[in-house]
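In what comes next, chain A is part of two complexes: it sits with chain B in the first one and with chain C in the second one.
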Partner chain A sequence: PMKGRFPIRRTLEYLQKGEVVFKNSVKIMTVNYNTHGDLSEGARKFVFFNIPQIQYKNPWVQIMMFKNMTPSPFLRFYLGDGEQVLVDVEGKDYKEITQHVKKILGKSDKVLEAEALAKMELSNPANFGPKKYFLRECMSEVEGQVPHPGFVPLPKEMTGKYRAKLAAVSDD
Partner chain B sequence: MSVKQASVHAKWIIGRVIGTKMKKTTKVRVTRLVLDPYLLKFYNKRKTYFAHDALEQCSVGDVVLLKALLERRSKHVKHELSEIVYKVGQLVDPLTGKKVAGCQFLEPLTESTKNTDVSLTTKLEQLNITASASPPSS
Partner chain C sequence: MLRAISRSHTPVIRLLAPQSEVLVQTVRGRKSRTDPKAKSKIGRIKTPPPVDPVEMVVLKERFTEYNLITRALRLEFKEEMLRKRFEEEVGSLAEERAKQEAEEHRSLMAWNDAENLRLRKIREQRMQRETEAKEQRQREAAVLRQQELENYIKEKEREILQLQEEAKNFITLDNLDQRIEEALDNPKNYNFAIDKEGRVVKRTAFQ
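Now for the complex of A and B:
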């Protein structure tokens, strides 16, 4: 088993399941919370569970955590045009916080689906080429097609020398 | 290119002030969360930036918001001070607007008690007046 308190947070599957994808205008996210006290319990859980997911999905957003600076916990977002968004988090549950943040500054499901579609359209699985860009390099890699004679010897009827011999015999 | 592009990738940055010993320049440490590829855990990776502030108003330990300059000011200075987010020793709670230190408020949340006493007595007098004036409902 994995080491740590909730090691599921450190799995790729958990990170990829992050819901919040920020809009392009969000540049910085700041979380102020307290280590003790019931009011910032939700904020602490948010930082513990959801910050890895958010940072994984938004690698270009700078996220900073500040502990025990103010008595009340809050989130602060700095957008690209100098605008700031303050979100009060006192007493809220961590799931409520993620839903709220997703509603304010997250890309909606429709936008995400459209982006995924556009990305899929760029790469056509029917094309062949180098492994870096395409799925397969040669038709022989597909199951059910004639494999390369380097790996499996061809049946006698398909070899060039047998066919040449047959043609010579039939001519005579 | 008709639109002038900023010469740096990061347009807005937040960090802590480390040093102010240079003239009109502050040294700011910026931490970003970087994923360790094997442990799959995020760790703070530090980077220092130099920022220009004309009024030299930062002290060591402030949290500061920097904006990217359009052109590099000098070899290392590519950002300028946009605003001091949290000034060390003079923190202001953004939700209430009161001065704060650690987990306690320095200013009292409600107004001072003397004023409330005065207003309470005046309010009671007003109530007496209205009680005597209003006739009993039949």
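Now for the complex of A and C:
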């Protein structure tokens, strides 16, 4: 079994299920919460469960936690143009917090779909080339096509020398 | 002969080759710089394939035209791409989109502020309730303390009175002889009997 209290938080599947993808203007996210107390329970769960997902989906956003600095918990977002967004999370549930954050500063589903579509358009699966960028290098790699003679010898009739011999014989 | 004539450092192949064909770099192949030439190839003079000047002229013309056309097409397509990208980033549509985004952003911020306000009200109420509860508890504690103090004082007073009462029956140096006489005159019998049922009998015989 895996190590840790909730090791599922470390699985790729869990991380990829993260909902919140920030807009390009969000640069820094700061979470102030307390380690004890009923009010920051939701914030603690949020930090425990959802921060890994958010960081996975937004690798270029700096996320910082501050513990036991203020009596009430809150989130603070610093945008690119210097604007600061304060989000109070006192007494809220961690699911509510994610929904709230997604609503104010997350990319909407439509925008995400459009971006995914644009990304797909760049890589056309019909192109051939180096394995690093494309699916196949040569037509012989496709199933149902003539395989590479290096792996499977061609049948006699397709080889050049047999055909040349036939042509020579028929000429004579 | 041609090699001796050409003084420039460009390889001969570059001078002889027609203007538009692609050049192949000299490749070393299997042997290194220091390997000697093969015995069968010592007297070999490599001559490039003969070139027909008329054909060359015609080919050159055609190639220049072809290259012109293909380059023009390529540049056209590049320009189209750049224009599309420009439109995408700094076009009228992009400005509208940016404005819309700003609008949405402002509305979302307003909603967020409303939420914060709501939470603030709740928090303030809770704070108020907590301060009141604290005050209440403090007052109660003060009252309790007061009570405790009074009880204590009363207890002490009671003890003092009791002591005063008992002091009347104390044996002092004055009463000493009198009390000894009294004690000797009235012998007290402390013995008692008890049976299995627990009945106490104090009237026993005195020894």
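Heads up, the rule we're going with is that the second predicted complex is superposed on the first by the 172 of 172 C-alpha atoms of A that agree within 3 Å, B and C clash if a C-alpha of one lies under 4 Å from a C-alpha of the other, contacts with A are read in each partner's own complex, and residues count from 1 in each chain.
Keep this in mind: a residue touches a chain if its C-beta (ideal position, glycine included) is under 8 Å from a C-beta of that chain, and two chains touch if they have at least 3 such contacts.
Small disclaimer: the values here were computed from a predicted structure and weren't measured.
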item	value
Contacts of A:Glu41 with chain B and chain C, given as first, second, both or neither	neither
Partner chain in contact with A:Val87 - chain B first, chain C second, else both or neither	second
Which superposed partner A:Glu19 touches (first chain B, second chain C, both, neither)	neither
Chain B versus chain C as contact partner of A:Thr11, first or second or both or neither	first
First (chain B), second (chain C), both or neither touched by A:Gln55	first
Contacts of A:Thr70 with chain B and chain C, given as first, second, both or neither	first
First, second, both or neither for A:Lys103, with chain B first and chain C second	second
Intersection of the chain A residues that touch chain B with those that touch chain C	72, 86, 88
Chain A-facing residues of chain B, complex	10-14, 30-33, 35, 39-42, 63, 65, 67, 82, 85-86, 91, 93-96, 100, 102-105
For the chain A and chain B complex, residues of the former touching the latter	10-12, 15, 27-28, 30, 34, 36-37, 51-52, 55-56, 62-64, 66, 68-72, 74, 76, 78, 80, 82, 86, 88
For the chain C and chain A complex, residues of the former touching the latter	108-109, 111-112, 115-116, 119-120, 122-123
Parts of chain A lying in touch with chain C, wherever the complex brings them together	72, 85-88, 90-91, 100, 103-105
